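Each of the two complexes below includes chain A, the first together with chain B, the second together with chain C.
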Partner chain A sequence: MTQNFPPEPSLSARLAAASLAVSRCFQCRKCSGGCPLTFAMDLLPDQVIRLAFLGQEEQVLGCRAIWVCSSCETCTTRCPNGIDIAGVIDWLKEEAGKQGKTASQPLVAAFHHYFLESIRKAGGRLPEARMLRRYGLFKLWRQPDLGELAGNLKLGLRLFKKGRLRLAGPEPLKNRAEIDEIFKQAEFKWQGK
Partner chain B sequence: MARKVTYYPGCSLEGTALDYAASIAGVAPLLDLELAELEDWNCCGASSAHSVNQYLALALPARNLVLAEKAGQDLVVPCALCFNRLKVAEKALKGDAGARLGVSFQGAIKVWDLLDYLTQDEFLETLAGKVVKPLKDLVAVGYYGCLAARPPAVTDKKDYENPQNLERLLTALGASPRDWSFKTNCCGAGLALARPDIIDTLVQRLYDQALAAGATCLVVSCQMCQANLDLSQERISRKFGRDYYLPVFYFTELIGLALGHPQARDWLKGHLVDPRPLLDQKGLW
Partner chain C sequence: MAKTAPKIALWLWDPGGRLAAALDLEALVQKLARAKGVARAEIIIDPGSPAFLEALHADLEAGVIDRILWVGRFSDEQKRGLPAELSACGLNPYLHHWCDLEEQGLLLAGLEPGLRNRKAGVLLEMALARTRLLDPLEPLELPATDAVLILGAGVAGLHAGASLTELGKRVYLVEKESGAGGKVALLSRFFPRLCDPHCGLQFCLDKLSASPLAEFHTLSTLAALEGSPGNFQARILKNPRYVREEKCNGCGVCLAACPVDLPAGQEPGLEKIAPFLKPARKAIHPAYPLAFPAAFVVERQHCPPECRQCAMVCPTGAVDLDQPPTETVLNVGAVLVTTGWDPYPLSRVAEFGYQRYARIISNLEMEQLLGADRLGSPGVLPEFSLGDMKEIGFIQCVGSRDERHLPYCSSVCCSATLKQAVLIKEMNPQANCYVFYIDIRSPGFDEDLYRRARDLGVVFNREIPSAVDLDPGTGKLGLRVIDPSLNTPLEMNLDLLVLAGGMIPAQGTPDVAQALNLPQNSYGFFESHYQCHPEESQRTGIYVAGCAREPMKVSHAIESAHLAAMKALKYLEGRVLIEPTYPVVDKTRCDQCKRCVEECPFSAFGFDEKSFPTPDLARCRQCGNCMGLCPLGIISLQHHTIKQMAAQVEAFDVSFMGDKEPVVLAFLCKNDAYHLARGAVAAGLDVPPNFIFLEVPCAGAVNNALVADALSFGIDGVLIAGCPEDQCHYVRGSQLVQKRSGDLRDKLQKMMIEPERVRFANLEIRDSDKYVSLLHSYLGDLKTMGPNPFKI
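Here is the complex of A and B:
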């Protein structure tokens, strides 16, 4: 007996549907040539694009490269075929999050969630000091490093003395309901664990 | 008559970059410029929104654009990241994103990054005419970072690989800007908390290249770059067994210094890499 499965749009088609076509890539590797983060990557940007085109979803969603990308937009700027490479990487990060596949760089993925959740809780603006504290504790729990802790505490104290770390505020917006609505529409799900 | 623009400070100018905020507020009146803060503005979502939720990445900056358009004047933004996200939203809203987000934006206002705005010809002329303490012998490299320039399809910049505004400004202030190849290379600020090890490599490269160009300091127009280059200098020196000393100035601080703003020295007190020894040595303190 044969079984029919509905066709699964390939990764490349889903990217194209999000205006992020990767099929134009002719592998000139200019993206990887200009990328300042390659030293920390497992796949180079051109390989991410190629593997995405080939539908190798497990590989591109599970790689470290998409999370250590600093979104500096050099690749997107220089691509001779107009591929928004940094945009593809953003899309892959969001998709990896949806599928719970952030294990390659959980600390980076969680940072983005701490950042956004802090904005939501504070009613529209980023409470820097609170975010630093919350994320710092999370990171310490996930990856205990007493040297880094000591360094960060010292740095925090110096910034505080210099007046660059405000413990209070920011005040919630007058129209914080609009921010709550935006987060609701975005279906933002806290994944900071 | 004073020119008036709407001003979107962004979150860090209320926190870790209070010194940048103070220098901007101090310099604007010297240029007969009135900065009217956008009322009830919200965070643009920065790199976190576009990394994990594309809807937030548009809807958060879009709200600010709608508010700014109602306010009527062009929008001036000191943070490169906020500027970039606002420009992304502007492009999207001029397309079909408005209907999706349920907002209306006609595109009647222009979004500027502060450096571009203040280095328009007329401002540079005004500045040059008001210099009381030329920054003579201050050899500097201009460090633009990433997102005020790139990608040009978003930022509408023409000289995105080799911008010259900081160099023009520094020359007008009497300083000596040096050319270098790393002026728009990334410092990785967005990874500063999660992966400081990566920052160490990226930032050390910038220090070394600035020194190789003969610079004694860096001049920035982005508070993320400033924080990253200033706050990590001691750690990077220790890690690599070097003794880096490269003060990291905001361009607005140098304008204040050259134009003799009475508070200019106070702004500089917020820096972790104390610029006083350098300025003392050049007779500028």
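Here is the complex of A and C:
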């Protein structure tokens, strides 16, 4: 595959504007060396950073790697150039969601979305039952599997009986307005279906 | 001076009684008191006590004693202080010998007392043998001038010159161009501060032009150098300037009159070797690269015949179009070689299209473009406006780190490219810069520049394109690389490509090398020790600084220039002090074989009027290699003479280990091997008692005759230990001594002695363990060989 140059600086500039500059990278590949999830990735973390720097937006938003990332932040902690690699990947997830480019890992992307959306709705705390319902319905719609559904319902019931699953949502945080502001600033938006 | 019998005072100092606990000191001293030439032999309580010193003074004044053998372990302070103190009452400082029994391992555990006593006896007899032959010596003082010759008025030469004039030395700056400044004057800015290099150059020029001690010889080259350090005669050839420097005030009236317009660009005939640009100019123009000296210069080869316009209009009558070349002889004490560098001819790296496509330029040309752009001048190449360049590529290591071109790293090109990319991005943030590299080498704080370039969005590609092609349709330069991170080919089209070319020694280097008889390394730069004495060339009194020595950045060139200037001061003090430990040739026995002349590592030997070899004492570094290599054994370093060593060898009593055990004499180089042998004893390592060592100035100072002597006296083996071959302080002493081993082999075979009894070792200063295991394996071999047939 041949890239077309000159690289498109806009992606790199947008990342830099979000305090996630990637141009400092000198390809030591320490991030990829320490990443515990590379076995499941199509691109290595350093390649994500390199592609982002070179402005290859299609490729980097469409990859599976950003959804495999569990945000353990080992890469960020160890980067000699202070690049927030996990932050960049997080930003790319959001960007992919906004642009509806989640086809590579729709379920992970949906989980990511419903997780955040539920927190937003509940004012800062995770309403587990709501999240599971929303995600479960999405999954049922995308990959109908009644057996799995039955299994999950059974598990849910057991958890409920032991008091591990509350149906009522948690109390919102005291300063809910701040949570709303964070989501607003992140321009939280979702096109993924 | 008639030789009188020596009157030796043998003072044995044994603080704490450590020797007395292991040896029968009284018996030893009593025995030695009866030895030949011994006037006094006593165990002393405190060599610093007034009572002792008083008695010593009295003995000296009465003429009872005339030299001292100090036995025991004395501190460095005592070894320095006692001779100085005693020289006040007339004892020459070279009439002392120090014999440390401990360093020979006499106190190591496990030795039977009889052996200790016998070995101590041998060591003391050997020390006495040398002490008897000591001669009083005085340092020499040779007259010297206070002037220095600096070859090359670039940044290194100017800094050295300015500093030396501040120290009151006369400075002759010889420059082949019409003006000072060298390559640094062509740079737009220099790192890490990114300021204008003309500022730093001007600072030096102001100092130099204000000093009555500095003299500039432009358009000049060195033809020959004669004489010796402190008193060199340098023959300087000066090409005509066609403008009298003392008259021209640089008013520029001639510029309007000159009918010849020379275009900007590369000088015809020079492009293959010097890829940098000269500005558009008239045939008469200010000095170049810097207008210093202020006098103009005429490029006479471009003048129309009969044209004398400039001469006619010159208001001071300075133009002299018939000026002949001249020759001057300068008397100087030292020479600083700061001849600098030239860019590698990039057209030789054919795949990158230099000089095939106009938009491929060298990094030095980029400097000139950046400079012109910054100064708003029309530019050295008007068709290149950096503002119009959107896509700019840099290829690193063009010519450097390439077996086909220059195997070495030119060391500054990475930082230079980082600087250029930063300057371009800061001037025009829309421009995209791509750097293709093998490694980015940004040592020390240059890393800040690398980070700055990345922060500015410069694209770094750790790969080098294989070739560059011009797209005739778009006029752009196309190149293709594999991105190693993505393992994907990248193709790009550039407006401008900069080749970061390597550094080679300046064009005139071979001529300078010839005139100075100065060795060059395999890359053509002047040879240096690089590590311990980077400023020193292999010719005494000649120092090399800046890129004439090795590729280096401006700040390092300035540092190296000051180091060279400091070292040269020794020869600019009006006199050169020579330690009396210099070599002396016995001309009555010399057969003029010239080996000393040829093999002296510092070319210190010349011939006297009768064609006998004579060391130039100012050049000599007193390594003793001449003493070692003389086939007749008639060259001696004073105070370490062959006679003294031979007497020690003769005094070596081979029976101290008994009949069964072999005994070995070791010659240890004082730079490394001697220290490690002491270290082995100090560390309590298992040093076999069979060895007795002598300290020599260099392994190369051991003459074959001494080795043959030792073996003929029945010593079972001779060990010669020097530095590793490429680490010799005197260039190749340890190589020379091994080279001679062939001669020695023949000699020993004729004597029916196994040549394997002689062993060479190359050891480093901390190789004590290696030394000890070598001693053991050597002893094993000697035991297998059996006793020396001459051992009776």
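The rule we apply is simple: the second predicted complex is superposed on the first by the 144 of 193 C-alpha atoms of A that agree within 3 Å, B and C clash if a C-alpha of one lies under 4 Å from a C-alpha of the other, contacts with A are read in each partner's own complex, and residues count from 1 in each chain.
In the analysis below, a residue touches a chain if its C-beta (ideal position, glycine included) is under 8 Å from a C-beta of that chain, and two chains touch if they have at least 3 such contacts.
Bear in mind the structure is a predicted one, so any value in this text is a computation, not a measurement.
Of the two partner chains, chain C is the only one that A:P9 touches; chain B does not reach it. In the superposed model, more residues of chain A are touched by B than by the other of chain B and chain C.
Of the two partner chains, chain B is the only one touched by A:F39; chain C is not. When the two structures are aligned on the shared chain, A:R64 is found in touch with neither chain B nor chain C.
In the superposition on chain A, A:G97 makes contact with chain B only, while chain C stays out of contact range.
Once the two complexes are laid over each other on the shared chain, residue contacts for A:Q47 go to chain C alone; chain B is not touched. Legend: residue contacts after superposition of the two complexes on their common chain; A:R24 is shown touching chain C, with no touch to chain B.
Of the two partner chains placed by superposition, only chain B is touched by A:K139; chain C is not. Put simply, chain A uses no single residue to touch chain B in one complex and chain C in the other. On the chain C side of its complex with chain A, the touching residues are 390-391, 432, 440, 450-451, 454-460, 462, 483-486, 488-493.
Per the touch definition, chain A reaches chain B in the complex via residues 36-37, 39-40, 68, 70-74, 76-77, 84, 86, 90-91, 93-94, 97, 105, 107-113, 115-116, 119, 124-126, 128-129, 132, 135-136, 139, 148, 151, 155, 158-159, 162-166, 169-170, 173-175, 178-179, 182-183, 185-188.
Interface residues of chain B, counted against chain A in their complex, comprise 11-12, 14-19, 40-43, 45-57, 59-60, 63, 146-147, 150-152, 154, 160-161, 185-186, 188-191, 193-196, 198, 201-202, 205, 231, 235, 269-272. Within the complex formed with chain C, the residues of chain A that make contact are 1-7, 9, 12, 21, 23-27, 29, 46-47, 50-51, 53-54, 81.
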